[in-house]
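What follows is chain A paired twice: with chain B in the first complex and chain C in the second.
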Partner chain A sequence: MAAASTSGSGRDIGGSGGGSAAGEMEVEAYRRLFPLPFYERHLLDSVRPDARPLHRARDTSVVLGPVASADGSALVKIGDTTMLAAIKLEVMTPSADAPDEGSLAIEFHMPPICSPIVRPGRPAEVAPVISKQLSDVIVSSQMINLKELSLISGKAAWMAYLDIYCLNADGSLFDAALLSAIAAFSHLQIPLVSLSDDGKVVAVSGDLLEDESTPELVNKERKLLLHSIPFSLTCILHKKYILADPTAEEESIMETSITVVLDSSEQLVSIYKPGGPVLAQTSTVKDCIVLTKHRMKELQNILEESLSAMEVV
Partner chain B sequence: MEYLDSLTGFRLDGRRPNDMRQIRGEIGVVAKADGSALFEMGNTKVIAAVYGPREVQNKSQQINNQALVRCEYSMANFSTGDRARRPKGDRRSTEISLVIRQTMEACILTHLMPRSQIDIFVQVLQADGGTRSACINAATLALADAGVPMCDIVTSCSAGYLSSTPLLDLNYIEDSAGGPDVTVGILAKMDKVTLLQVSKLIFLNAKCCISLIL
Partner chain C sequence: MGAMTVDRADGRSANQLRPLACSRNILHRAHGSARWSQGDTIVLAAVYGPKAGTKKGENPEKASIEVIWKPKTGQIGKLEKEYEMILKRTLQSICLMTIHPNTTTSIIVQVFGDDGALLPCAINASCAALVDAGIPLRHLAVAICCGLTEGGSVILDPTKAEEQKIQAFAYLAFPNSPLSVLPSVPSAEDDGPIENGIITSVTHGVMPVVDYFNCLERGRAACAKISEFHRRSLESQVPGDLTKAT
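Let's turn to the complex of A and B:
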């Protein structure tokens, strides 16, 4: 590699901390050795190393139905962070205290392919945390009415298993996971079933509809009705700056993060700020909520586009 | 069950006995990994990521004159027809991890990278028969993407014998029919066999299967 730095040659890298290693230094080396001063130089100009303004999130894309064998699935990419969510439905007997409700089981996995820090012997610490956060948000936002998952009251109901796999971990894992969960639920097609003679619930292929006397679930509507859909945005706080949608590098350098979840009627579902060196004032929290509102509109558009693209096919 | 239609000679999915399913490969899918690849054989989808060569994490396992190759194979919960909770260390996964590791170790030039570790992680996203082969193919692409020095590319395919005919590249239904099946891994240019696994050997038929793959 050439000794001269690319865009920073001759720039006086003075300033806090490791700035005393001034003079010619390769930008990449400076970024690794003194990450915080590197970022602060960018923040002074209200921009980040990947040329994003502070409040802009990375390019997001949603693909519905990548896993053909699942009842509902979605692949979501926010920048490089990639999540694959898939839902499988199984029939089960509902519990005695909720005989006409189905149930939901949400699991979040971070297999070793997603990041160099995750190893077979040592699973990622954040995985169970995000798993719990996801369950809490999806249940408390009441996006899904469990009664819609019921088949025969007291005897049969759907158990929806949602598995989310992180295929590439580059920051904002919770946002991507939540978006993939919602996309998978929007894509979910509940299979048609009928009651066989010995009382078992049996899957029915589309053609043989009319014959059996059927407690067909939700009749012709094989899709779940999603009520108030939650959308989230994670922001990093550093001194007086708020950075929206951090990458893994940003998350590791500036540790204070705050995640705000709003539902589609702009009601607050959850705020999560797990400690961190920076203390947030009310104004900061309000700014984060405003940023989340903007982000929510973007995400709603993206989700609608992918849903309509799917219907055309 | 009729696996081969006697009139037309087509299989259940409309292929002829020596037709492979459509294959598709893509590299560089996991940005954080040193090398990664997504490989599809029909409906079987597998993603492989390679991290390395990097420092050995468990110093007691370090080998002083060559690289340590580790492999982990896992299946996503939704990958098969019924959602099965798969404990990570179950027998089948361990066996396949071992098979993939030894296959790749044969062609990686490990003596060029002493005291280092190469991790190969393979995740099955959708399983429709032939996962072992798809994993080896994906792992090869991922290693190539990572720039790990290898002596050759390893390709792999499976075949079986049903309804008195050798069939190439079985899907899940044909695989679970209970006939013999064979998986072969070959070094492409050098024309050598690294992996050969046969179940239910019926001598003559296995030979037909192997020659079909080659």
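Let's turn to the complex of A and C:
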């Protein structure tokens, strides 16, 4: 089983005349017919068709609180990829083996609006995978201490339903989804509750604080304390190049992607490389980790700016 | 990381794998099949293909691979979908996709026993089944699970009980080491031998970056042993009935 590697997919599709066929051809036509040679010509100059250098991510923006009816929400755009995350809290009885912990339910949806390949009868294959990846990362990074979601030990605790909707799928879906989940949690305001006479926990609006509050209630609208926050960066590997933050077109042409998730203490939460034609060497993995560290600082700044903008308003 | 000896429940040392067993050509109607077991984790993989036609949405100029994961108990949920996707992309990287365009090869993975390291066991079983079916491959994918204990030491091939206790673990797949007839020429690219590249890496749990690279080192060394075992088991069995395809 000697190692014999053939080059990427574009060469066979375009035929050997990829470069020389019809010497004058429109750029858009060339991009559609021979996508891989088109990209490789750009990579030789260390740039991408949208004029980004190889290691730069797209412009990212975070808006907190777009959904007024949810307890916490955020809208994140990385380039054209748009994610809307919303959290609703509900009181429920905690399970017997964890009586003083609340719980989280994380769900990722890709409605047909996000991409032409998703139709109502044909759900996207990546949606359950990203959903599971998100819950794994959020739970294992221990960003949220479930004990903070507890109300009355053994009787009442918060169940947080986090729903993330992809509104536009243009590559790096996991990165945008994770950022929107974190932004929604930092925006989350836990509502006031009080114990009614028949032992039920009911919500209380901020003005009616004359009634007796028993000590186990939240004293003021509280924010969750987020511990080590995870940030991620997806990179695409192609021959010797590493492209950070790919668009959907880049992901479909060069199929090897590696997602690195680091938390704020620079520990590795996850390295996710699900196969792909290019083999990652140790040096490549190290470079991706360095790129993720840079990206983490950018994202921390963006998140802090949007949080302080919220507080001013 | 130091000479700490780790106490494992079944008495293995940190670097010791569970007993491996591989048998091929078990199912007679499938074009290829293999059963791979690592201790109590047992997976049966069956390969049907290449069959004519590709699914809608797949590129017809290349062959395509379809993976169906059947758990031992319970309904198919997100975990099974994730494993299907990881297995599909891992196998796509080892198969030669341009030889039979517009065909589909289906791999059905049935879990018989899950005692830790389930995904690596499935990857190994699928590769053995692909070889049994005669699908042309670039190289094999050899997979292993490396666990990281709190002390920072790496244990190989943890059982399910160990996986739940340890801080973090990683499923890693590497290409197998090639055995070439010609004397090897030093490669001009200076990438290192091919078996150092990572095909697949899936981690669970938080770990320091340094420990991840330790896991990679240990994983590579162990995969060299597994790849030896693979080669011996493929050579020793007489090729099955050659008339059974199509």
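The working rule: the second predicted complex is superposed on the first by the 289 of 313 C-alpha atoms of A that agree within 3 Å, B and C clash if a C-alpha of one lies under 4 Å from a C-alpha of the other, contacts with A are read in each partner's own complex, and residues count from 1 in each chain.
Here, a contact is a pair of C-beta atoms (placed from the backbone, for glycine too) under 8 Å apart; a residue touches a chain by one contact, two chains touch by 3 or more.
Owing to the predicted nature of the structure, the values given are computational and were not obtained by experimental measurement.
Trainee: After the superposition on A, what does A:L303 contact: first (chain B), second (chain C), both or neither?
Mentor: neither
Trainee: Tell me the contact category for A:I289 with respect to chain B and chain C: first, second, both or neither.
Mentor: second
Trainee: If you stack the two complexes on chain A, which partner ends up touching A:S140: first (chain B), second (chain C), both, or neither?
Mentor: second
Trainee: Is the number of chain A residues in contact higher for chain B or for chain C?
Mentor: C
Trainee: Determine, under the contact definition given at the top, whether A:P274 touches first (chain B), second (chain C), both, or neither.
Mentor: So A:P274 only meets chain C here.
Trainee: Check the residue A:A157 against both partner chains and state whether it touches chain B (first), chain C (second), both, or neither.
Mentor: Neither chain B nor chain C is touched by A:A157.
Trainee: Between chain B and chain C, whom does A:A176 touch in the aligned arrangement: first, second, both, or neither?
Mentor: The answer is neither, since A:A176 touches no partner chain.
Trainee: Between chain B and chain C, which residues of chain A are contacted by each of them?
Mentor: Shared contact residues on chain A: none.
Trainee: For chain A, which residues are in contact with chain B within the complex?
Mentor: Listed in rising order, the residues of chain A that touch chain B are 66-70, 73, 80, 82, 84, 86-88, 90, 107, 109, 111-116, 119-120, 161, 163, 165, 167-170, 248.
Trainee: Give the list of chain A residues in touch with chain C in this complex.
Mentor: Where chain A meets chain C, its residues are 1-6, 9, 12-13, 117, 122, 125-126, 128-129, 131-133, 136, 140-142, 228, 255-256, 258, 263, 266-277, 279-282, 285, 289.
Trainee: Over in the complex, which chain C residues touch chain A? Could you list them?
Mentor: Residues 57, 61-62, 77-79, 81-82, 85-93, 96-98, 137-140, 168, 170, 173, 175-176, 178-180, 191-192, 194, 196-209, 212-213, 216 of chain C touch chain A in their complex.
Trainee: Inside the complex, what are the residues of chain B that reach chain A?
Mentor: Checking each residue of chain B against chain A gives 29-33, 36, 43, 45, 47-49, 51, 54, 57, 70, 72, 74, 76-83, 88, 119, 121, 123, 125-128.
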